[in-house]
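Below, chain A partners chain B and then partners chain C, in two separate complexes.
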Partner chain A sequence: MANFQDIAKQFTEFYYNQFDQDRKQLGPLYRDNSMLTFESDSVAGGANIVSKLSGLPFEKVKHAVSTLDAQPSGENGGILILVTGALLVDEEQRPMNYSQTFQLLPDGSGSYFIFNDIFKLVFG
Partner chain B sequence: MANFQDIAKQFTEFYYNQFDQDRKQLGPLYRDNSMLTFESDSVAGGANIVSKLSGLPFEKVKHAVSTLDAQPSGENGGILILVTGALLVDEEQRPMNYSQTFQLLPDGSGSYFIFNDIFKLVFG
Partner chain C sequence: MLQRASPTHRGPRDSSSSASSRGRIQKRKAGPPRVDRDGDLMMDAEGSGQKRKSARVQLGDKDSSGGRGRRGRGSGGPFRAGNRGIINAQQAIMRGLGAKQSQANILGSRITSDGAMLRIDGLESSKAASNPDGGVESLLAFLERKASSLDSKSNRTVKIKKSSMKGDSVIITASPNDIEAIQKLDAFQFAGAPLSIKAYDSPSRDLEKKADEVSPSAQQTKDMFRDILATRYDPTLKLLNLSALAQDPGLINMGVFDGNTTTSKVFPALMAVCDGLFKSRQEKREAIVSVTLADNALVNVGNVSALAQKLPDIKNIDLSRNQISQLSSLDAWGKNFRHITTLILAGNPIEPQLPSLKDELLKRYPYLEILNGIQIRTAEEVAASIEASKFPIPLAAPDFRDVGQVGENFVRQFVPMYDTNRSALLTNYYDAQSVVSISINMFAPRNVKISAPIPPWAAYTKFSRNLVKINNLPTQMSRIHRGSQAINTLWNALPATRHPDLSTQPDKYLIECHPLPGLVDPNGQSPRGVDGLIVTMHGEFEEESDKAEKALRSFSRTFILGPGGPGGPPIIVISDMMTLRAWGPLATSQSAVAAPAPAPAPATATAPELAEQQRQAVAMGLVQRTGLNFNYATLCLQETGWDLEQAFIAFNANKERLPADAFATGNFT
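So, the complex of A and B:
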């Protein structure tokens, strides 16, 4: 069985690949009780989250992960992840730094979904 | 009763004030099952965490929080927090950016302890 570090890494790679290819397809990674805080906006539920992400004002996007750290988040088998990285959008040449934290929870069928998702750009 | 946003804000203020004044006194905020990832080091348990933090190679330190976001982390009453901020150590004039995520859990007596703590400096 994969450990939490491996799961965190695999999940994050899959998430950013999917986000960068077609973020409208991220729905299966969220559930009705999932939460997203994106900059200063908070939305709940998979459909609202995908709608929020799909409506972001850029077309092309590329995430580059700099660091990824994970810890078990509780006795329920959850995994807490902190990612720091850089984001390149559209024709912008200068990447923006971001930090993002996820809590993954087991979905009961051997996989995981995103329960918590907080994304912040980092300036300075 | 305070909501999770207020608790997150109060807890984080208390934590950084205590850290900056005397980080050897942070013990009561952790428990035996708490985890800390500080840069690339992982330690578990309150005593080891305080030992790790106390041994960091600086004396004076000042945290300045730029952003703080929180979400409920599950049905157990936990709170997930993502902080981005800047850190000034000793006589260094230039602050370092950092991101830190906490999961707080209720301690059963009306307060909270830190179950998860991941701290990363952000370069770039």
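So, the complex of A and C:
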């Protein structure tokens, strides 16, 4: 059984790969009670989250994770993850620092979903 | 040029060389005369003082070199010839180098009369673009310096022989060896912008040859175009009137229109001639502010796409009375014309749709203020949205959704106490279950304008729990600090800090706060969990150090706050994760928000907000006492007129009858 650090690492890797490839496919990572706060705009529910992500004003995006830290969260096996890194969008040449906090919860069938996802650009 | 170089052979230092004395072109051990970057004959720097002097005169004053005033490349001349400082420096370097290097350069000059050419893009996005010469001079110096240092093992000075501008591209010529060295700089950063360095091939040379040897008729055509442009230019208005080109008597006389391909052929030619009238983009920008393309029967801007390439900085475009029917008809201009403030589409089929296309147009033309004569936003709004659009992802003011001011109170106490009294902070907000960890981001990109050195991370690295780097499980576990005591040990080991004052410098922070359901109930009353808050805080602090210079760090910190256990503080930090990175200013949306910007983070609330906050506080109190979820607690309080005690009594009287979903849930699976 993987420990929470490994889960956090696997999750982040998967999440950003998928995000950079095709963020419309991130839907299965969210549930109806999930919440995404992207640049202070909060949306709830998998479908809304995917449409919010899909509608972001860029096409190409590349995340580079610089730091990843994780803590167990709650007694239900939740995991709190804090990621900082840099991202490049479209033709923009200047990488931007971002900070993203995830709270993962087990979905009862051995995998995890994103309960909270808070994204913020912290430096341009 | 090969011929030019050989006959003036003055006897090489390498006496074994006799090839040149036989008048043959030799590849090695060449005689000293060489050709400078502008194609002018230049004496060897190793030569006699007198000759060197004459060489310098030629270098310094390009026009005096006579003979080979090549127009095509000559356009790059002023950039180089004007800077005697650099040239002198180069000569000094040349003198300092041994004969061998000198010969290598001579060789390079000689065997490549035209030299190989490279096309360099990216200058216009660099900071140097604002230099008076558009940054060319510093770009060339940069390339020479970098390429020379990259090629250090050959100890050779890379020299660019010629340069010219093609649109925004800089075309350079150098010897094949130097070209090879310079090409290695592809994708290097120059003044904040990555350079693209690609081979530049013959078409351009052909073009330049054409420019050199314009046939009489071509020259005539060019002159006629220039005359036409002159009649269509209004210097007072800085307006280039390109309307109704098909009716232009001059153009008709030239017979350039055949059938219906009118603008498609004439326009690019006109634009090319127009472009040739200006030495720099800046000059163009200053001369032409507005362009009218009215009455050209344009169905789309495909035929006039050259406008976007040649005059990308114009501010006003009039497309009146054309046949433009949809927004995509403007696609050929792409994302150019970022500076358009006025767009006129009167008398086009698209006109009735404009109100609904407004947003799309604003996106496409971020400075657009006036559409078809109607002000669609103010200059202030433009400025605000420009500020926002500096970031490809629009920035928003922080979203601070507090419950009962718990988050605000926490932040207001946490920040100063972390600086002044960490142990009191531990007592007030941390308990045996609190978990703290930190990680260091040593690779956060920084704005190139920030020159302050990054203070060493030594004090932090042994605590950094960056799971990207730390793979060893025991190390991972030892860097997670659970319980006040362990946290105390960590905090004592970390450098003392000084955070900016929250109330006087709120712009130094981005703080968000959201309710977070489903936390473990420390009182064990609500098996399905209780509500808490998740607080994310981004900011900076100054590290206390004995060194003279200030050590600034930027941080991002996430807290999970929840109710404390029995006998402990009422609100505790369940999780506290901090990432530190090199200091950089925050990407704040202060200026991004037009009109009264919401104050960042915990700020004074308006009266209705305050009332709402008080109600939330009461509801939160009831949540904590009863284990009800927030909605039911609110309902219960509404029934009892927001009296907490009454609500608690009502709760006790009815709790057996309340449905299970009235209680805070902990199970979200």
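In this section, the second predicted complex is superposed on the first by the 123 of 124 C-alpha atoms of A that agree within 3 Å, B and C clash if a C-alpha of one lies under 4 Å from a C-alpha of the other, contacts with A are read in each partner's own complex, and residues count from 1 in each chain.
Please note the rule applied: contacts are C-beta pairs under 8 Å (C-beta built on N, C-alpha and C of every residue); 3 or more make two chains touch, one makes a residue touch a chain.
Since the structure is predicted, the reported quantities are computational estimates derived from the model, not experimental observations.
Overlaying the two complexes via chain A brings chain B and chain C into a clash.
Of the two partner chains, neither chain B nor chain C is touched by A:18. Once the two complexes are laid over each other on the shared chain, residue contacts for A:116 go to chain B and to chain C alike. Contacts of A:56 after superposition: chain C is touched, whereas chain B is not reached. In the superposition on chain A, contact is made by A:103 with both chain B and chain C. Of the two partner chains placed by superposition, only chain C is touched by A:90; chain B is not.
Comparing chain C and chain B on the residues of chain A they touch gives the larger count to C.
With both structures placed on the common chain, the touch criterion links A:48 to neither chain B nor chain C. By the document's definition of touching, both partners, chain B and chain C, reach A:69. The clashing stretch of chain C relative to chain B, chosen from 237-245, 327-335, 615-623 or 633-641, is 615-623 in the chain A superposition.
Residue overlap on chain A between the chain B contacts of one complex and the chain C contacts of the other covers 35, 37, 42, 66-67, 69, 71-74, 76, 78, 80, 82, 84, 86, 95, 97, 99, 101, 103, 105, 115-116, 118, 120, 122-124.
The part of chain C that touches chain A in the complex is made up of residues 125, 192-194, 363, 390-399, 401, 435, 437-445, 447, 464-468, 473, 476, 480, 510, 512, 514, 516, 518-520, 529, 534, 536, 538, 554, 556, 558, 560, 574-575, 577, 579, 581, 584-587, 666-669. Of all the residues in chain A, the ones that touch chain C in their complex are 3, 5, 8-9, 31, 33, 35, 37, 39-42, 56-58, 65-76, 78, 80, 82, 84-86, 89-90, 92-97, 99, 101, 103, 105-108, 115-116, 118, 120-124. Contacts from chain B toward chain A in the complex involve residues 35, 37, 42, 66-67, 69, 71-74, 76, 78, 80, 82, 84, 86, 95, 97, 99-101, 103, 105, 115-116, 118, 120, 122-124.
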